Amino acid sequence: MTASTLSLACWAIILGDLILLGAGRMRHLLLLTAAQGLLLGLVTVGVSPGIEGYIVAGAVATLKGGIFPWLLWRTMRQVGTSEIVEPFMGLGTSILVGLGGLGLALWIDARLLLPIAAPPLLMPAALTTVLAGLVLIVLRHKALTQVIGYLTMENGIFLLGTPLAGHDAMWIELLILLDLLVAVFVMGIAIHHIRRTFDSIDVDRFCSLRD
Amino acid sequence: MVWWVLGSLTAGAVVSAMAGRSRLGAILGPAVLVAACAVGLGLTLSNAPEGWTIPLPVGAGALRLDALTRWFLLPLFAGGAVVGCYGVGYLHHAVGHRHLGGHWGMVLLLFLGMSLVFLADDGFVFLLGWEMMSISPFFLVAWEDTEASVREAAWEYLVAAHLGGAALVVGFALAAVPGGWSFAAMRTALPGSPLATAALLLWMLGCGAKAGLLPAHVWLPEAHPAAPSHISALMSGLMVNTGIYGLLRGLELAGLPGAGAGAALLLIGLATALYGALQAMVQTNAKRILAFSTVENMGLIVLGIGTGLLGLAHGQEVTAWLGFLAALMHLFHHSLFKSLLFLGVGVVLETTGTVHLNELGGLAQRLPWTSRCMAVGVATGAGIPPFCGLIGEVLLFAALATGVGFPDATARALMAGGFVGLALVSGLILAGGVRLFGILMGGAPRSAKAQTAKEPSWSMRGPAAILAASCWLAAIAAPLVLGLALPAAGVLLGTAPDLTPVVRMVAQIAQVALVVTAVLVVLFLARRALPGHADARSFRTWDCGFAAPTPRMQYTAFGFAHPLWRAIGRITGSQVMVRLGHGYFPAHGEVVVSTADPIRGVWSRLFEAVRLGCDALKWFQHGRIQLYVCTLAAVLLGLLLWQLGW
Amino acid sequence: MLVLSWILALVLAPLLFGIINRIKALMAGRRGRPLLQTYFDLAKLVRKGVVVSPTTSWVFRLGPMLAVAGPLVALALLPYAGRPGLWSFPMDFVVLAYVLALPRLGTMLAALDTGSSFEGMGASREAAFGALAEPGFLAALLAAAPQSGLRLEEIAAAQDLFHSGGALVCLALLLLLLVENARMPVDDPNTHLELTMIHEVMVLDHSGPELAAITFGAALKLWVFAALLAALALPLERMAPLPAFGAHLVGTFGVAAVVGMVESLTARLPLPRVPAFILSGTACGLVVLLMEVGGGR
Amino acid sequence: MPIALVVLPALAGILALLLANDALRRGLLVATALAHLSLLLATAATATGDPHALFALDAPGLLFLGLASVLFVATSIYAVGYLRAERTDERPDFVAGVVFRNAPERVFTACLLFFLAAMSLVCLTRHLGLLWVGVECTTLASAPLIYFHRHHRSLEATWKYLLICSVGIAFALMGLLFLNYASLGLSGSLHLDRLLADAPTMHPVWLKAAFLFLLVGYGCKMGLAPMHHWLPDAHSEAPSLVSALLSGALLNCAFLGIIRGHQVCAAAGLAPFSGGMLVLLGLVSLGTAAVFVVGQGDFKRMLAYSSVEHMGLLALALGTGGSAALSGMLHTINHSCTKAALFLLSGNILALYHTKSSYDARGLFRTLPITGVLWMLGFLSITGTPPFGTFVSELGIIHGLLAQGRWGVATITMVCLAVIFVGMSSAVARMVHGPKPRYLGGIAREDLSSVGPSAFLVAVVLLLGIVQPEGLRWLVAAAMRVASGMEEGLW
């Protein structure tokens, strides 16, 4: 895979992040996450070729591009939540924050040079994705969106780790993916319970524990 | 022998706590206490070997028995045995339905702690003993824990004890920095080091809180009255001594620092003494009066220490010796008479159910033994011959008087100020003592509670009588007592200069006491020979022509203090509010006296401010998960930006 | 000599009241009662029976004994005619003050023991004024003490009326004498209005030999103060023993005469202003002490 | 084989899911706990350290795993009585006005065992990636535990725990990547011994960044302020025995993650940097705990904030190094035992009074005498009062701070400790004394399983204040040397 393709993929990821922040429907959110997972697999293959790279990329693409969104999709259907993403302070604010995050990521990238040959946009793309995930967690009402945000964050972190794939034992990354699978599973169960107990998955109802 | 004492106290505490509500629990503790105290007294007075070690996690765990320790152990064990006997009688009605075993277990723990404090030869053992001694009274004070005020007092005690202890912990941790935890190492490494000043300040804070020095005294007038009376006697008569001991030991370890510490201690002591005396003058709860009297006496003792240090700093050895001797002697006497007074008030509480002066009166008729013992206690406290209180006060006066001749003008002024202040304090003590005894014991009962007062069993009368007798004996045998105090002061001051004038002075004061006793005996015999002794007619008190006086018309506790309160006592924060009835036929009017301690008010405002501050910061745990995650990210980002200098 | 002085004090103390009263009478242009009236009163009281209130206890009977015992022992501490007393040791002036507190303690406790509101009032005032007077007394004596010694004997030797601070010391002691002995302008020994009395109101319930003891004790106490003041004011130690003895005696009576004159010339102060009066006495002592401290010895 | 320590509880957990008999399953829980402890002892006694192995015990690992194992034994014994007494039907919470029931017991037991397995993994592994996996597993295994009572408040706590800790640990994962970047061109492995070997030549900026990520990430899990927000909620809403494990064992495991980072930093000569950060967060934690303990009406939240305080102390001690770090390692033992005992006792109190308010749960000395006494002793211990071991370790930390001349840090620490004491004492004094509340009817005797474990733990801490066994002293010293990067200290 050529460097330009890689950098195109990074661009796509960055743009995806911004669209993610502006998405108003849950369905779109899930689709975008899935797309991001697939892109992640693509980048993994591009950055670390070889059999290990392929295995990891395959696992990433399957899990992040397929299974996780599917799990969340199922959860969303089962809890019967509305399609609307409920943001704090409007979607525009999220996009603005995302743009700010991109700026921050570029700024950090300029100061922290990767000690490895990697696509030039990898670092900003990864950091932007992490920040976008954080924004999804912080600036959304629904528990489900928070899980999506968490996954997005993890996507970013994985993106950051792609140049390292194959440097250390591959099974570690697989284990980490497995862990994430369990995490999404457990969170999904928790969302079921939240729905049953609160008649809603709006985390703003979580206000009884405070000082 | 030391192991017998410590071991029996430890084992006794454990077994007694296990014995619980059974009869064994009621008797085992005091029995062990008396036995341990007897052995301890033997140890104190014998020529026991000087040092021992126990393995402990930190430090060497060393114990040592030097003259200073012996001096402090003496009242501890003597008082412990007496108070133990008293406690059996005081708590007899609780046998079977209260957890007496636990109570006595805590008393034993308290004694274990105090013994360890006195015996400690390294910082860790000292702290260990100190905290054991500090914590156990929390449970003892809260004996009547169904009353909210007692619970409050116990908690205040705990907080004060712990905060004071914390100051000591840091103090010793500082002192251990250069050489380690053992006292020997501190003695060599500490003097002259800049750490010594800091450590000493912390020691003064911690020990001052324990001894009830201004402004850390506020817990004492709450906790001592709330405790059962034998515990009050222990705390006020014996436990406060540990504060003084800690201070003295700290001074010794820091190499007896110079004029600054002396002046500070002198001023703190004087302020404490004056404040305590004034408060004792205006309070109306007998146990609070005694507690403030403890504050005042601790002030006097610290005044002595400060004087001694000043003397040392200016090269006046005699003044130094007089100051420290005065402190040591007065401490011993205070242990005797304050325990005695608390035991006496305990009898009053036991038989009448109250210690509020305005509800009492007429007890001298009803409690002849107790009232006589109390009279001795009051007279001793006021330094009236022929009782021992005089000796410490004269020594203190002497120390200050010699200081008026110092070459250094500041020191002279301090000494003269101390002298005059001390004179004022001694006048106030007499007035306060008369007030306490006169209102409590004299006149007619002011309420039905006092009407039916009866003398308690001998187990309560006996200990008081023993202490009263000791108050007299300690005066008559003052030269002997001084003989024990001299080596104790020597631990601090080294070899003594020529002290024969001091020794002779004390001997002569003892003679004065003896002669006063003789004169009184002669007068007593002479009175029997004169008419009107046995055949006195009885007629009601002179009532100025008003035919229907009631006991309520007697002078009240605050009324008695009113002239002094008006003259110099407003600093106590007491207030008199007169509420008159209104209208043409005003029906009901009242006078309300509040005796709140203003310094306590300052502390409670401080605590309140901390609480409010904390409450104001509690929004941080606001409950919104999104913001929590936001904080997490912000902290990370902030640390990155700050630390990597981007 | 010492024994003689002691016996003289015992015998002559009640005479002081006679002298004061005679001076007052003379100043007022009256004849006054006999000089020896106090002796007659004492003799009469000793033979009388006793009435006690059923409210009282052993404390009431103890009071008068303390009232006598204190001044009796105090006499032994007094230097006499330039010679030391029976005891003379450093800081004996402090012990003197404490011994002199015995009668105060006794009368106050006895007064409170009667349960009378009037006697409580007297005790309350006595307690307050005594407490305020104590620092003055001790400060004055400390100020008067020479650098070399802190005994009464040396204090008496070092001071006289005509030396630097001596006059002020003597003035302080005189004022405190008036306070301690319940004289005008602090207290009116002749008043019969209970609301204004201090000392007299405390002894209202005493009768017979016990009242005699209190009266005698008061006389002795006045004697102790007067003799002390005389010893301080006069340069007795520079005289030969016999003239000194005489001079001391005359001085003691002279103090009584001064008291009498003060009593005739002043009016009784309102009670709330008494503390200020006492503090003025204390202040005299403090001024001398301050000068000592400030100037260095 | 050290790996057996992970496998054993994991298998037992699966078995627990399959078992239908409650009594049998409870027996399995205790048996596994005991087996785990004995296996650990056997491993510690026999295993030889292979620095390149994936699983090996080093001193801090042994210390923390030993603690976890001992606490697990204590809690499992407690759990037997607890589970027997718990009602399985629906019951009302009158205050909140809701009806709730418990999660199935088999899930609870299984998750307990999985939790133990995850903690064992964290303590045993020498590979930082695997350590991360372990820490994430502890979160996932303990989340259902917190939600044992299917009450809306426990659900809220569970969600917060799950999400905040997951995000935090995601940061830690980023930290690992940064660490990997820092060692790029060297061995490039996340195996601890490789990292230690590479450390001196690592890229310092990347290393620093990596440490900060690890610190914030694992610090979140450990409960260091200001990342502690989940902790009071989770601890107060979880069943008491779970709170005991969370506070006594789990927080240490997260601390181990930070220790590993500190080790690498120290090996790279960056100990002043990482230590400084630890001290800073430690102080913030102490201050936060002080703020929230004062006036705290909920006694379980109070204990939770006390955990924040002690985690702060541990971080402070490790960051300070020297004798303070030594005492810090000792402090982990004291804190874990005391805090676990206190949480177990709070379960007894909760079971009787049905309230977590210290204003309502009064008169413990009369209603629950043994629990009351132990509660008081535990309080004294947790506030560092002699003769408890906590005093020795806190004294050591203060002494260590002073010996290094860190007067300001020592002062702040002492002030915070004092404020915390005042805050806690007012609640505890309120609870132990006073008359028996009138609404309580007849009171059952306290059985052995409810007070025995706490009594044992308190006794251990008491003994540690008076004697320190030679072996323990050695272990603590080794752990301190390892944690400060002075030696590898493999078993």
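Per-chain residue numbering starts at 1, and chain names A, B, C and D are given in the order in which the chains are listed.
We adopt the following convention: a contact is a pair of C-beta atoms (placed from the backbone, for glycine too) under 8 Å apart; a residue touches a chain by one contact, two chains touch by 3 or more.
Here the structure is a predicted model, which is why all the values come from computation and not from measurement.
Pairs B-C and A-B differ in how many C-beta pairs touch across them, and the larger number is found at B-C. Distance between subunit B and subunit C, defined via averaged C-alpha coordinates, is recorded as 35 Å. Taking each chain's centre as the mean of its C-alpha atoms, subunit C lies 77 Å from subunit D. Distance between subunit A and subunit B, defined via averaged C-alpha coordinates, is recorded as 69 Å. For the pair subunit B and subunit D, the distance between C-alpha centroids works out to 43 Å. Under the contact definition stated at the top, the residues of subunit B that touch 2 or more other chains are 618, 621, 625, 629, 633, 644.
Shown for subunit C are the residues that touch two or more other chains, of which there are none. The set of subunit A residues touching two or more other chains comprises 112, 134, 137, 146, 203, 206, 208-209, 211. Contact annotation for chain pairs lists A-B, A-D, B-C, B-D, with touch applied as defined.
Only residues 88, 107-108, 111-112, 134, 137-140, 146, 203-204, 206-211 of subunit A touch subunit B when the two sit together in their complex.
Taken in their complex, subunit A has these residues touching subunit D: 112, 114-116, 130, 134, 137, 143, 146, 150, 153-154, 157, 160-161, 164, 167-169, 172, 175-176, 179, 182-183, 186-187, 190, 193-194, 197-198, 203, 206, 208-209, 211.
Per the touch definition, subunit B reaches subunit D in the complex via residues 55-58, 99, 124, 127-128, 131-132, 135, 138, 142, 145-146, 151, 154-155, 158-159, 162-163, 165-166, 169-170, 173-174, 176-177, 607, 610-611, 613-615, 617-618, 620-621, 625, 628-629, 631-633, 635-636, 639-640, 643-644.
Here subunit B touches subunit A in the complex through residues 618, 621-627, 629-630, 633, 644, 646, going by the rule given at the top. The part of subunit D that touches subunit B in the complex is made up of residues 159-160, 163-164, 167-168, 171, 205, 208-209, 212-213, 215-216, 220, 226-227, 229-230, 232, 273, 277, 288, 290-292, 294-295, 365, 369, 380, 383, 385-387, 389, 391-392, 395-396, 398-399, 402-403, 410, 414, 417-419, 421-423, 425-426, 429-430, 433-435, 464-468.
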